[in-house]
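Below is the structure I would like to discuss, written out as C-alpha cells.
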Amino acid sequence: MIPRYSRPEMVSIWAPETRFQIWFEIEAHALDAMAELGIVPKDAAAKVWDAHRNAPPFDIARIDAIEAETKHDVIAFLTHVSERTGPEARFLHQGMTSSDVLDTCLAVQLARAADILIADIDALLAVLKRRAFEHKLTPTIGRSHGIHAEPVTFGLKLAEAYAEFSRNRARLLSARADVATCAISGAVGTFANIDPRVEAYVAEKMGLTPEPVSTQVIPRDRHAMFFATLGVIASSIERLAIEVRHLQRTEVLEAEEYFSPGQKGSSAMPHKRNPVLTENLTGLARMVRGYVTPALENVALWHERDISHSSVERYIGPDATVTLDFALARLTGVVDKLLVYPERMMKNINRMGGLIHSQRVLLALTQAGASREDAYKLVQRNAMKVWESDGALSLEELLKADPDVTHYLSADEIADRFDLGYHLKHVDTIFGRVFGATS
Amino acid sequence: MIPRYSRPEMVSIWAPETRFQIWFEIEAHALDAMAELGIVPKDAAAKVWDAHRNAPPFDIARIDAIEAETKHDVIAFLTHVSERTGPEARFLHQGMTSSDVLDTCLAVQLARAADILIADIDALLAVLKRRAFEHKLTPTIGRSHGIHAEPVTFGLKLAEAYAEFSRNRARLLSARADVATCAISGAVGTFANIDPRVEAYVAEKMGLTPEPVSTQVIPRDRHAMFFATLGVIASSIERLAIEVRHLQRTEVLEAEEYFSPGQKGSSAMPHKRNPVLTENLTGLARMVRGYVTPALENVALWHERDISHSSVERYIGPDATVTLDFALARLTGVVDKLLVYPERMMKNINRMGGLIHSQRVLLALTQAGASREDAYKLVQRNAMKVWESDGALSLEELLKADPDVTHYLSADEIADRFDLGYHLKHVDTIFGRVFGATS
Amino acid sequence: MIPRYSRPEMVSIWAPETRFQIWFEIEAHALDAMAELGIVPKDAAAKVWDAHRNAPPFDIARIDAIEAETKHDVIAFLTHVSERTGPEARFLHQGMTSSDVLDTCLAVQLARAADILIADIDALLAVLKRRAFEHKLTPTIGRSHGIHAEPVTFGLKLAEAYAEFSRNRARLLSARADVATCAISGAVGTFANIDPRVEAYVAEKMGLTPEPVSTQVIPRDRHAMFFATLGVIASSIERLAIEVRHLQRTEVLEAEEYFSPGQKGSSAMPHKRNPVLTENLTGLARMVRGYVTPALENVALWHERDISHSSVERYIGPDATVTLDFALARLTGVVDKLLVYPERMMKNINRMGGLIHSQRVLLALTQAGASREDAYKLVQRNAMKVWESDGALSLEELLKADPDVTHYLSADEIADRFDLGYHLKHVDTIFGRVFGATS
Amino acid sequence: MIPRYSRPEMVSIWAPETRFQIWFEIEAHALDAMAELGIVPKDAAAKVWDAHRNAPPFDIARIDAIEAETKHDVIAFLTHVSERTGPEARFLHQGMTSSDVLDTCLAVQLARAADILIADIDALLAVLKRRAFEHKLTPTIGRSHGIHAEPVTFGLKLAEAYAEFSRNRARLLSARADVATCAISGAVGTFANIDPRVEAYVAEKMGLTPEPVSTQVIPRDRHAMFFATLGVIASSIERLAIEVRHLQRTEVLEAEEYFSPGQKGSSAMPHKRNPVLTENLTGLARMVRGYVTPALENVALWHERDISHSSVERYIGPDATVTLDFALARLTGVVDKLLVYPERMMKNINRMGGLIHSQRVLLALTQAGASREDAYKLVQRNAMKVWESDGALSLEELLKADPDVTHYLSADEIADRFDLGYHLKHVDTIFGRVFGATS
C-alpha cells in the first residue's frame, strides 16, 4: 500500500484492529454455536462476549510480543483474548484449526472490500450516465487506428464505458460470492473435532456461505477468480484513462482533466496542462494486473494445504483492493469534472475538409447510376485536392463545382451527404439499450 | 497450437474452412434481414443461400491469393463468395464493416470452444464423482506442509476436485455468456448505414445476444474475462496434477498414473514409472495462464479501436482453447484410470507409529483430569520414542505401558483414541454437500 | 507459430529435420569422442558419419511411427538412425541420457535463434542510424504527457531508439551466452557412465560451452533469463511502434508508415492510412512478454528434474523467437520506409503561437531585472491571449507590442528567445555519444 | 512492503529521508559544476553545502505540507531547501527538470539496492559452498519425475545451487550497470538550458555513468531489465526452496529446516515440523515475479515521457528489492542451519532393494555375452520380485541366487554393480568446475 494511492475506508479493512475484531467474532460465534450444541457450558459464550464488550481495545503491541515468542499468530491472539476476557476464553477455538479463523477472516475482508469496490463502481456509473446524457448528441469524430473514421457522439463514448463498467459490476458480484465462504472444519477439513453445525452458524452470523468441502483451507481457485476479476476491472480503467489522455493531447484537445481556476499548469506555459491523473491510472492498472498471476499460482497448494499462499495474500489482499478502490474513485473524479470542448470536437471533425463524408458521396453516385469505378475516380480526384490542402479546401464545395459529379447529383443531393445528423440517428436506440432509457 | 497437445474437434473451430463458413452465415443472415426490411431485393438472399449450397467448398488457396493482392481478408473472402454465388453477392456486406464479421465470428468460435470445454469439464466431473464414491471411505493421511497431519479419505480429495471443477463449470458458463455477443453496427458502431434490426436478426440466428453498444469492435473486456477464466481453470488442473505427482513419488506411492500391462517404465528399472502426464499438465497450465496477461492488455484499445488486439487473438484464441481442451481431457483420463493403492495409504498412515493420533490422546488425558502441562509431557515423552524409532515403535503400545498414562486412561480408552473411524464420521455430510447425495 | 508472423529462416530452426540433424551431430560427435577415448571401436564413429552422409534424409514419418509405438522420442530417433546407418549405430548414445541430447539440441537451437535476432537488431540499428542522421536537425516538438514541451529533433528520437536497441543487442549477447551450454552428463548429471571429456568434445564441436554442473537437465534459470531478455526487447519494439502510431494520428501526422503509390487507404477516403504495422507490433510485443512468466515458472523443477518444462518450451521456444524475429524485421521495414513530414512537424511546433518559448522569455525578463513575479505576469498575460486564440496569435508579436515587456527587452532580444537553434545546439554532442560520430 | 518480510537496511534506501538526501546531493553537486563553469557565483555552491551541513535534518512533514499546496514534489523539496540553506538555494536546479533529479535519484537507489542484493548473494554463496563441501560425498538418491533414478550426493545438489546463484550474481551486476546512469539533460533531454558537463560531473560524484541520450527521463528498458533479473533470481530461490520442502516431506525426511532444541512443532505431534520458511519463500518468489510484467509494460512511455511509470515504480521499487533481500537472507539462513540426515538418505537409497542398480547389471550381463533380450529378462524377473516386496527383498541377493545370472557373472562381479562409489567418481571433477577447487 502506497499512502498516496490509498483511501482510509479500504485501508481500515486490512488494519490489525479489524483483523483481530473479525477473529474474535468468528471465535465467539463459534462458541455460541458450541454452547447451543451443549459442547461447552451454556454461559461460557455469553461471558466471553460480555467481557469483550467491557474490555479495552485489543492491544496490538501485546499480541505482537506474544507472537514474537510463540511464532504463531492465532495462538498469540487467543492468549491475549484470554488475558482480556477471563477463564471462559479457554473454551474458544476447541476443535478448530488456525486456518478456520484465518481463511474465514480473509473471506470477510474480501467481501467487505468487494462491497466498497461495488459502491465505487456505482459512483462511477452514476457520473458516466450523467455526463453521457449531457453529451448524448455532442458530435465528435470516431477514430479507428487513431485515424479519423466517421462521426460518433461524446455521449456514446461514455455510454460504452457505462456498459463496460456495468459488466464489471456484475463480475465483481460473482467474484464476491466466490470468496465469501466460511470454513470451520478442523485440521484437514473432516470436522473430526468440530460439529459441522458450528460452521453453518458462524457462516450465517458473518454473512458468508459454508464452504461445501475444505481441506485445511478454503480452496484458492476462489481467490484466484477474485483477483483475476480485479485485473479485468483495472484494464477497463486503463481503457478509459487512455481515451482521456488521447483527447487531451495538444493537437487533439477535445477534453481535459479538470484544472482549478487558479491552478498553474507549468510556470509560464498555459498550454502545459498534463493528464497526470489518467496517466497515473494507467500505471495503477499495471499494478492491479500484476497481482493476477501470483493469485493464479496460489491455486496449486500441496495436498491439504501448504502455506506458500499466505505471503502472497499478505501483499495482494491489501495492495490490489486498496489500489483498485483508489483508482476507481480517481477515475470517477476525472469523469465527473472532465472539461469537454464540443467546439474543438467540431473543429476536428471538419479539419479534413469533409473527407470523412467521402464514402457516402461515393455510394450516392453509384445509386445515381455511375459505375463503381467512375464514382471512385470522381470522388478520389476531388478528395486528393482536399487532402493535399491539409483541410483548407472543402470536399463539398469541390464536388459541387465538378460537372462530372453534378451530372449525377444536384447541389442539394451533395449537401445532404455531408449531414452529421445522418450518423446520429440511432443514438437513441443505443442509449435505450445501455441505460434502459433515452433521456 | 502444438499437434501433440491438440484435439481435432477444438482445432477444427479455428480452421480457415470453419471461419469462412461462419463469415458466410453472418453475411447471408444479414442479407436475409435486409431483404425482410426491404433494403435489398427479396430474392437476393435466397439466391445467395441456394448458390452457396450448390457451390463447391470454399477455395482457401484462392481466397489467400486474393488477400495477397488486396491485403484485406474480408474483401478477399467477399470476392471469392461473389465468384461462387454469382451477382447477388453484391448485396452482401452493405453498410457493414469488416469488424462486424470478424468479431461476430470470433464470438461464435469462442462460444463453440466454451461448449467443448464445458463438455470436457462434465466428463471430468463424471469420473471424479465415480472415483470419489469408489474411494469415499478409503483412508489416507491428510498432509499440511507436506507433513502428515490427520487422516482423510481419498474420496474426499476427489470430492474437493469435484467441487472445484463444478465452480469452474459455472465460471465458464459466465465467461461464455460474456463473449457470445453479436455486433453488426458499422464503421464506428453508430448503425449509420445499417439498421439495428439486422444485428438483432443475425444475433438470434447465430445463437448470440446483440452487443448493447459497440465501437468498431466488440469491447475486449469480454475477451479478457474469458481468457482469465481459462487461466483459473488451468490453475485448478495444475492443483490436481500436482496432487497426483506427489502421490506417485517413490517414497509415497499411494497412487500412480495408469501403466498398461506390457508397458515398460524404463529399460530394466520396474520402479521407474514417471507421472509424465501430470507433469505435462503442470506445464500446459503455465501456458494457459501465460495467455491471461496479453488478453488483459488487449482491453485498452485506442478510441473506437486499434488493431493491436488482432495479432494477440490469432495466437491465444486457438492456443488457449486447444491447450485447455487437451489438458482437461488428459486430466480426465488420468483420474479415470488412476491406480490407487489403499494398502500403501494405510501403510503410510501407520508409518509414524500412531503419532498422528497423539492430539486426541492429549485431549483425552485433559478431559480425564490431567493438567494440560502434565498431559503434554506424558504424550510427548512417549511420542519422542516413537519418533526416534522412525515409526518402528507404536505410540498406542507405549502409552498402554506407561503407568502415568494408565493412571488416567484404561487400555480401551487409549485404543479408542487410535480409531480411524473417528476422523471419517462426517464424510457423508461432506459428500452430501458436494454431490447432493451420499451414495 | 502463426504463418503470417513467421519468417522461414527462424522457422526452419524449429523444424523436425533440423532437430534430428542436430541430434545426430550431438550423438555422432560423442561417438567420435568415445572412439578417441577407446570406449568404442576406432572405426565405429567414422562409419556412422559415412553412412549418414550417404543415407537419404531423415524419414520424419518413420520416426513418428516408431515414437507412436515406443512413446519415446529419442529412442525412436536412434532406432531410425540404426536403420539408416547400420550396425555401428549400436555404439551411439552409450552412457548418455535422453536429456543430454534434448537439452544440448535446445541450446544449439536457441543459440542459432539468438544469432538471427542479433542480425535482426543489427539491421534495425543500421536503418535507425541512417534515418537518425538524415533527420539529425529536423526540428519537431518534444512532448511530455502527450503535451507540447520544448523542441527536439526527429533524429534525436531515432538516436534514442538506436541507443535502446544497442543495449538490447548487448543483452541478447549475454542471454545467448547463458543458454549456449552443453550437457552430456548422464542420468542424473554425475557422469556415472560417461567420461566428462565426451561432453567437452561435443561442446566444442557444437559451438557451446560445457555446463559446469547439470542434473538430468541443463538448469532452467538460463532459459528464463533468455526469454526474459526477449520480453525486454519486445517492450522496446512496442515503444517505437507506439511512437509511430502517435505520429501518424490524423491531428499530428508528422510521420506515416509507407504506402506504396498505388495503394488505397480505404475505399474513397484518402486520409485513411492506418498504422497497421505498428499496431500489429504492439500486439506481438504483448505475446512475447506473455511468454516470460511461463519461462520463469519453469525454473523450479523438482529435484534432478521433472518434465513440466518440456511442454512449455515446445510452445515458447518457437513462438517467442519466431514472433520476435518477425517483429524486429517488420519494425526495421517501418523505420526504413517511414514517411517523415518535416513541414508538418514545423507546423505543429508553431501551432501554439510560440508558447513553447515562453519559459525562455520569462528567464530573459528576470535576467534583465524584472522580479520573478512581474516577469511571470507579463508573460502570462500575453500567453493567455495566444492560448485563447488557439495559436492564431503569435506570442512573439504580442510581446514585442507590450511596452511593459519592451521596457526590459528589445525586439531583437525578444526574437532571440524564439530561436529554435537554441534547443538544438547539443544535438552533435548527443549524436557523438550515441554513434561515436556526429556525421 | 510488508514489515515481516522487510529488513531495515534495504527499507532505509526507500525512506523519504534517504530520498531527500540524495536529491540534495544531486542538486548540490550540479551547483558545484555550474559554479566551476562560471554559470553561478563561485561561492554559491560552497555556501549551500555549508548551510546544509549545519542545518537540522530535512523536515519531512514540512515538505509534505508544501507539496500538498503546490502538488509538486520537487518544488516542495526545493522550497524547503531554500528555507534550510538560505538565499543561495535560488541557484539550485537551474536549467534542470524534475525528472533529472527523480530519475538520477532512482538510479542511485536501485544501485544501492543492487549492492545489498549482491552482498546477500555472496552470503548465500558462502553458506552453499561450506555445506556443499560438508556433504560433498554424502550419497543421496537422485530423482527424476519425483521417482528414484540413480545416486548423487547432497553436496552436488548444493553445488548446483551455488552455480545457479553465481550466474544470478553476474546477472545482477549487469542489471546494476544497466540502471546506474545519470541524466541531467533538461526538459526534453536536449541540454537546452544546461551544460552536458554538469551531467558528467554529477554522474561521477554519485557513482553513476552519464546516460548517452535521455528524453525527459532515463529510458525504462533499463529498469525493465533490472526487475526482470530480480524475477529470475526469485525463481532460483523458489527452486531451492521447493527442494527443501520435498526433502522435508514425512515420507522422505532427508533434511529439515532448523528447529531450535526447545521449539515445539505442533502441540503434541513431534513429527509436525513444517517447512514454513521455504514455503514462505515460494510465495515471495511469486510476488517478485509478479513485478516483472508491470516493469515491462513501463517501457513504452509516450513520446519524450508520460508519467504512467511513476506509480508502478513507487510500488515495485521498494516491494521487489525489499522482498528479494528478505528472501535471499531467509534462504541463506535455511541453508546455513539445514538439518541434513545422511542415514535417512542412505535408507531411502536402499528402500527399493537395490533396483536403482539394475541398469548396471543389465549392462554387465550384455558385456559378459548375454544377448540384450536375455539380459533384460534375467534382470526383469528378479527386479519384479523386489518391486513386489516393496523393497523387502534385495536385488543383489536374488541375482546371486539365480543360476542363469551367475552363468555370466560371479557373485563378486554382481556385487561390484551395486557399488555406490561408481556413481560418485566424478564428484571431484564437478566440484572443480563449480568452485575452482575440490576441497
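So that you can tell them apart, the chains are marked A, B, C and D in the order they are listed, and the count of residues begins at 1 in each.
Criterion: a residue touches a chain if its C-beta (ideal position, glycine included) is under 8 Å from a C-beta of that chain, and two chains touch if they have at least 3 such contacts.
None of these values were measured; they are calculated from a predicted model.
Peer 1: Looking at the contacts, which chains touch subunit C and subunit D alike?
Peer 2: Chains touching both subunit C and subunit D: A, B.
Peer 1: For the pairs A-C and A-D, output the one whose chains share more C-beta pairs in contact.
Peer 2: Between A-C and A-D, the larger count of C-beta pairs in contact belongs to A-C.
Peer 1: Just give me the whole-number Å value for how far the CA centre of subunit B lies from that of subunit C.
Peer 2: Centre separation, subunit B to subunit C: 34 Å.
Peer 1: Calculate how many whole Å lie between the centre of subunit A and the centre of subunit B, each centre taken as the average of the chain's C-alpha atoms.
Peer 2: Here subunit A and subunit B have centroids separated by 25 Å.
Peer 1: Quick one: subunit A and subunit D, Cα centre-to-centre, how many Å?
Peer 2: 34
Peer 1: Of all residues in subunit A, which are in touch with two or more distinct other chains?
Peer 2: Subunit A, residues with two or more chain partners: 143-146, 149, 245-246, 274, 276, 279, 289, 293, 297, 302, 306-307.
Peer 1: Would you tell me which residues of subunit C are touching subunit A in their complex?
Peer 2: Listed in rising order, the residues are 143-149, 245-246, 248-252, 267-276, 279, 293, 297, 348, 351-352, 355-356, 358-359, 361-362, 376, 379-380, 383-384, 387.
Peer 1: Spell out the part of subunit B that touches subunit C in their complex, as residue ranges.
Peer 2: Touch list, subunit B to subunit C: 2, 4-5, 245, 274, 276, 279-280, 282-284, 286-287, 289-291, 293-294, 297-298, 302, 306-312, 314-316, 319.
Peer 1: Quick one: which bits of subunit D touch subunit C in the complex? Just the residue numbers, please.
Peer 2: 142-146, 149-152, 156, 159-160, 163-164, 167-168, 171, 174, 178, 187-193, 196, 210, 212-216, 219, 221-222, 224-225, 228-229, 231-232, 234-236, 238-239, 241-243, 246, 285, 289, 292-293, 296-297, 299-307, 363, 422-427, 429-430, 433-434
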